[in-house]
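Next, two complexes with subunit A in common: one pairs it with subunit B, the other with subunit C.
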Partner chain A sequence: MEASVMEPLVSALLMGERAEALAAARQLLAADISRERIITEGIEPAMTSLDEKCTIEQFNLLEIMLVGRALNAVVDLLYPEGTSPPATRGTVAVASLKGDIHDIGKKIVIIVLKANGYHVIDCGKDCPVDRLVNTAAGEGAMAVLVSGLITSVIPQIRQLKDALREKGCSHVKVMAGGAALKQATTDDLQVDYVAQTAFDGLHFLRALS
Partner chain B sequence: MNSLERIKAAIRFRDTDRPPVIPQIFGHAALFCDVPLLDYLRQGAILAACQLKAQNHYGHDALFAFMDACVESEALGSTLTFPADQYPDIGNYAFNRETDLQALEIPDPHRAGRMPELLKAITILREQAQDDLPIVGCVLGPMTLSGQLLSLETALYLAIDETERFESLLDFCSQVAISFGIAQIRAGAHLPLIFEPAACPEVIPKQFFRELIAPRLKRIFTALKTAGSLANWLHIAGQTETILPFYPEMGVDIANFDYCVQPQTAQDLLPDTCLDGNLRPYGFVRGEPEAIRAETSALLEQFRGRGGFILSSGCEIPLEARPENIAAMVECTRRRG
Partner chain C sequence: MPLITAHANSTVLPIHFQTGQTLRAILDTTTMRVRSGCRGTGACGLCCIRLVAGSGNAPTPNERLQLSPEKLTAGVRLACQFQPSGDVTVELLNPAPPSDWKSLGQEILRPASCLLPSRSFPLTTATSMGIAVDLGTTNICLALYNLLTGQRLSERSGINPQSLFGSDVMTRLVAAAESAEIAGKMSDMVLVALAEAIQDISSREGIDTSQAIYLTLVGNTAMLALLTGKGHELLLRPEMWEQAIPCPTVPPSHWGARLGIHAMANIEVIAPLAGFVGSDLLAGLLAMHLTKREKPALFIDFGTNTEIALWDGHQLLVTSAAGGPAFESCGISCGMPAESGAIYRVTHQGADTLSFEVIDDLSPPRGLCGSGLVDLVACLCQDKILSDTGRFLSPSSPVEYCLPWPGKGLSITKRDIDMLQRAKAAVAAGVTALLNKAALSASALTRVCLAGAFGKYIRVASAKAIGLLPDIDDNRFELCGNTALAGCEDLLLSSEAADRLEGIRSEAELINLSRIADFDELFFNHLFFRPMTEASHDS
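After this line comes the complex of A and B, so read on.
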């Protein structure tokens, strides 16, 4: 596949232009290009470019949200309700823990991970530790991700590794991120990684597989 | 030199007897006093009593009349839930994308929601502290309030999809800030801090801030200064290096900078503006007093001889902060006198 065929889609995704991204995806489908190739040669390169652009200094929520909205629209077009895109890189369970009702950060992580081939189970906000751990165990997750805007959830985060161990899931990695949690160290939180941004978290997951 | 005189001198880059120190103690004052946070957030008299008790204990240089980031949104019709010992959450947002922005009315600070209780807290604090300590009120900036009225996600999409409507919303939010801020000044606040976390470059691009937010912040600051505010204090946490250069044009007198901004960078970008920052808030929860003292000393050293500096946390002191860590920060600074 020549890069130029995918260029309108990649460009529209990176600009966060939902209508243009949809139009570009429709043109690709009309040209008998498979949806799997659109994912691997259109969406994934767009996310790689976004990843390179989103350094800690340049990350901003609005741009990611716009890309995410365009991306979700394209994925919905390629995989209508009832079908789902291939998730080849593994399963992760994501939550904001009990008492934390902020979920924009979590939504951003979900966008980034789904676009990069992970099967993401959203356990929601205000989520008890046991529900998150049970979900991770039941779904065979490779990692558990917690996003936090308030420091008061830290005692719950510190329970996660033990709770996973009790479920026989000591292999499941635990990652934390979000405005409050990224100030802490892995030792403070008793986790495997503290992500500074959604893409930083993605890099950690990629290194696992 | 009392605290108010010390802060005034710092703003003007004049000599002080010691560096001013203001840990950003908001709801922590309730937990420090063993008072339910819910009562602190709803009753002005309790808020004032806790602020006074905490200040009396720690000896820092300001009193804050700040409840939470939902006061204005609640006054405009959002419904809140109050988890135990946490700040409230917005259950139902007051506005949606179809709200008729032309029909909106500015809430009356003496009647709407908890606004009157905040004004009551300010009046009590001023009566008690007179002009010894600055009484710092708080209003939300237009970007943050727009997110508190619609949800941040919806507000950001509105900004892109219907920019004119979003600008109308920002104008409305600016008027709310001016009205509430002037009411706070009349109630006795020396200055209302403008709390604008959603305008951080980690949320919106620099150009968005420059074009849509900065002119409105300037308008708010101008109105509050005209109404008698001692100084324009802007609080935006996070990675703010790219927007700090816009602060002088907006009329900012005190610029908060967070732990992730290097002190030298902040000084270079704002050579003539008083800075307040930037100890890591989380350090007050998990750190040890000795470490806080070391960080405080290092920071004071970096600002030695500058004048325009208030030693502070980069953002709010977390609710569950260890009191001995706050005490260490204040004591260490006071000893520099």
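After this line comes the complex of A and C, so read on.
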């Protein structure tokens, strides 16, 4: 029975239909279903399904971005600005480093992590190593994620672990992903993990906690 | 289309051809060639073949002069004189070494009004020749001219051998940054390739290329930097993409000898505009006279990096959009260049039936080239097989669409669709960003010049339907082919061209798309397969 209550929301999210997803979420709220349940029984199953379908290449960039928009709209509805955000699985700082002005991959990662209960701080694109490391230290992040579409950012990535250590944050994990980086090894990049996809990155984070 | 079965040494090559051409002209578009010392006038008698089966024109007077009656009876002909009239089998009696350099299939199309007055050259030798080169990331094209008459004597195109170090510019730049040795090797490779192409002209056309006293070269910034060995490390820094990159325009003096042209030849590398806009684009704008009239005009040179220029009648805005190689059909599962066996056109034949046109009518086709891909996607969207978000609507086949040749591996997948969406969104968003910057609507454009190989075969209606090109009248589009080589030809031959080029260079305003505030939003909106005018409406 539970599944069928959530079904319209899950399917609207997966279709990337923002208006329908919002309407479905409003109906659930009107039926006195808690925000937490909508997250755990609606949004998270939708993300699991997206994860499975992405693995078999059923989703393209546009569809994922549409899902992301629908998802953000629903999360904004459930937790309007000013209300306390849902409990998080942890904080992560995400950036494209100095010189890299591509951030589509990063956006997908943010969508996936947010939908799975992480508090994500987006340090933006063209971000200097210092700023990313300071943000991670200041916010008590569990991990730093860098997305790279061009290989020229590799030297900066190699500085991250040391820069974190200098801030007394040697426990903070560093994960890299993106077209230019995913062929590289963790040793090459001097990071803790190289994620093949946004979901691969999610699985790594989950295994940490 | 009739078929030639050509035997040379121990290899056999099937070649589909249009009648009305000489065998030599047909062979020159393939990798199997005949030797020649006279550029195919019938004067040297070197290009002997034997007609094993089939027929063609009667022996010409030149053949009767060169070949004995016994030879003629035995079926020996000259490839430059023999015109096959149907299916034939021929044996090349004097094959040239196989060459990777092919003749360009087609002349560059441009209006006569675009031709510039010629410059006067010092008469150093009886026939002064010059060479124009377009150094591209994937292809190298060059053409040889008689400088006195302006006549094009020969041309070649081939693959840039640097692709060994990566098919895209960024990978090559990173490789070059790794060691001076690799950087030097990459520069060498291009010089060797150019020398081979020039040698190919010399050996197959019988032209003494040491009489080439001028060589003018254009290319994208990265290719020029890798060739000259200067500034390529700067290109890895995005803050340099909008800056002028130092480029030695006069290369070392030993290049003439290395290239097999006159040892004292005047070699000129046309400097790029900036980090992401090369002299290939400048040459294209020059050849198309984009900035000549007062009416707004748009220029798009399709490639892995698509360069876009907008002339609004007063100012010239120039940008580059990195959309990936989908238009060249690289990375597409059944993608291939626009060569023999490629589906290049897909149209509706009746309500639900698609009709496929294949280069040289090969059956089954070998793959899909860029224009075929755009056509196919436009048809599938129209038939509601594909949604405007790029989703296959058939529940039975959600991840691919199979072309009607079962078992031949001909299908397009969800991933292919995604690549095309990204490529077309990058270009369309770039065009929209420039139009917005100039406060122009697409309907104000009086000319849209489409350059590059893809820009030669593209079906404008399909490109408009999926939102790759602005939705304006078909008659405003011009399919121009390799405009970079055309502009380079102007620079080689014309006294005015260099001045005009400097004019274009000084008035061009560079637009870095990544610095445009709403570019991400534009890109997102253009991912949809729908005409550009509607693309601004978010779903």
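One rule holds in what follows: the second predicted complex is superposed on the first by the 202 of 209 C-alpha atoms of A that agree within 3 Å, B and C clash if a C-alpha of one lies under 4 Å from a C-alpha of the other, contacts with A are read in each partner's own complex, and residues count from 1 in each chain.
Rule of thumb we're sticking to: a contact is a pair of C-beta atoms (placed from the backbone, for glycine too) under 8 Å apart; a residue touches a chain by one contact, two chains touch by 3 or more.
Nothing here was measured: the structure is a model prediction, and the numbers come from that model.
Participant: Sticking to the clash and touch definitions up top, decide whether subunit B and subunit C on subunit A clash or fit.
Facilitator: Subunit B and subunit C clash in the superposed model.
Participant: On the A-aligned overlay, A:D200 touches which partner chain: subunit B = first, subunit C = second, or both, or neither?
Facilitator: A:D200 sits against neither subunit B nor subunit C.
Participant: Name the contact category of A:D188: first (subunit B only), second (subunit C only), both, or neither.
Facilitator: Only subunit B; A:D188 stays clear of subunit C.
Participant: Pick one for A:D122: touches subunit B only (first), subunit C only (second), both, or neither.
Facilitator: neither
Participant: First (subunit B), second (subunit C), both or neither: which does A:E63 touch?
Facilitator: both
Participant: Identify the partner contact of A:E41: answer first if only subunit B is touched, second if only subunit C is, both if each is, neither if none is.
Facilitator: Once the two structures are laid over each other on A, A:E41 reaches no partner at all.
Participant: Quick one: is A:T151 in contact with subunit B, with subunit C, with both, or with neither? Answer first, second, both or neither.
Facilitator: both
Participant: Flag for me the stretch of subunit C that overlaps subunit B after superposition; candidates: 42-50, 222-230, 258-266 or 492-500.
Facilitator: The overlap with subunit B comes from subunit C residues 222-230.
Participant: Would you mind listing the overlap between the subunit B footprint and the subunit C footprint on subunit A?
Facilitator: Correct list for subunit A: 16, 56-57, 59-63, 65-66, 99, 101, 104, 150-152, 180.
Participant: Over in the complex, which subunit A residues touch subunit B? Could you list them?
Facilitator: Per the touch definition, subunit A meets subunit B at residues 16, 56-57, 59-63, 65-66, 69, 99, 101, 104, 107, 150-152, 154, 179-180, 183-184, 188.
Participant: For the complex, which residues does subunit A have touching subunit C?
Facilitator: Contacts found on subunit A: 16, 18, 56-63, 65-66, 99-104, 125-126, 150-152, 180.
Participant: For the complex, give me every residue of subunit C touching subunit A.
Facilitator: Within the complex, subunit C touches subunit A at residues 170-171, 173-174, 236-239, 389-391, 398-399, 413-415, 417-418, 421-422, 514, 520, 523-524, 527-528, 539.
Participant: Report the residues of subunit B in contact with subunit A in the complex, numbered from low to high.
Facilitator: 83, 85-87, 89, 152-153, 156-157, 159-160, 201-205, 208, 238-239, 241-242, 259, 280-283, 285-286, 318-320
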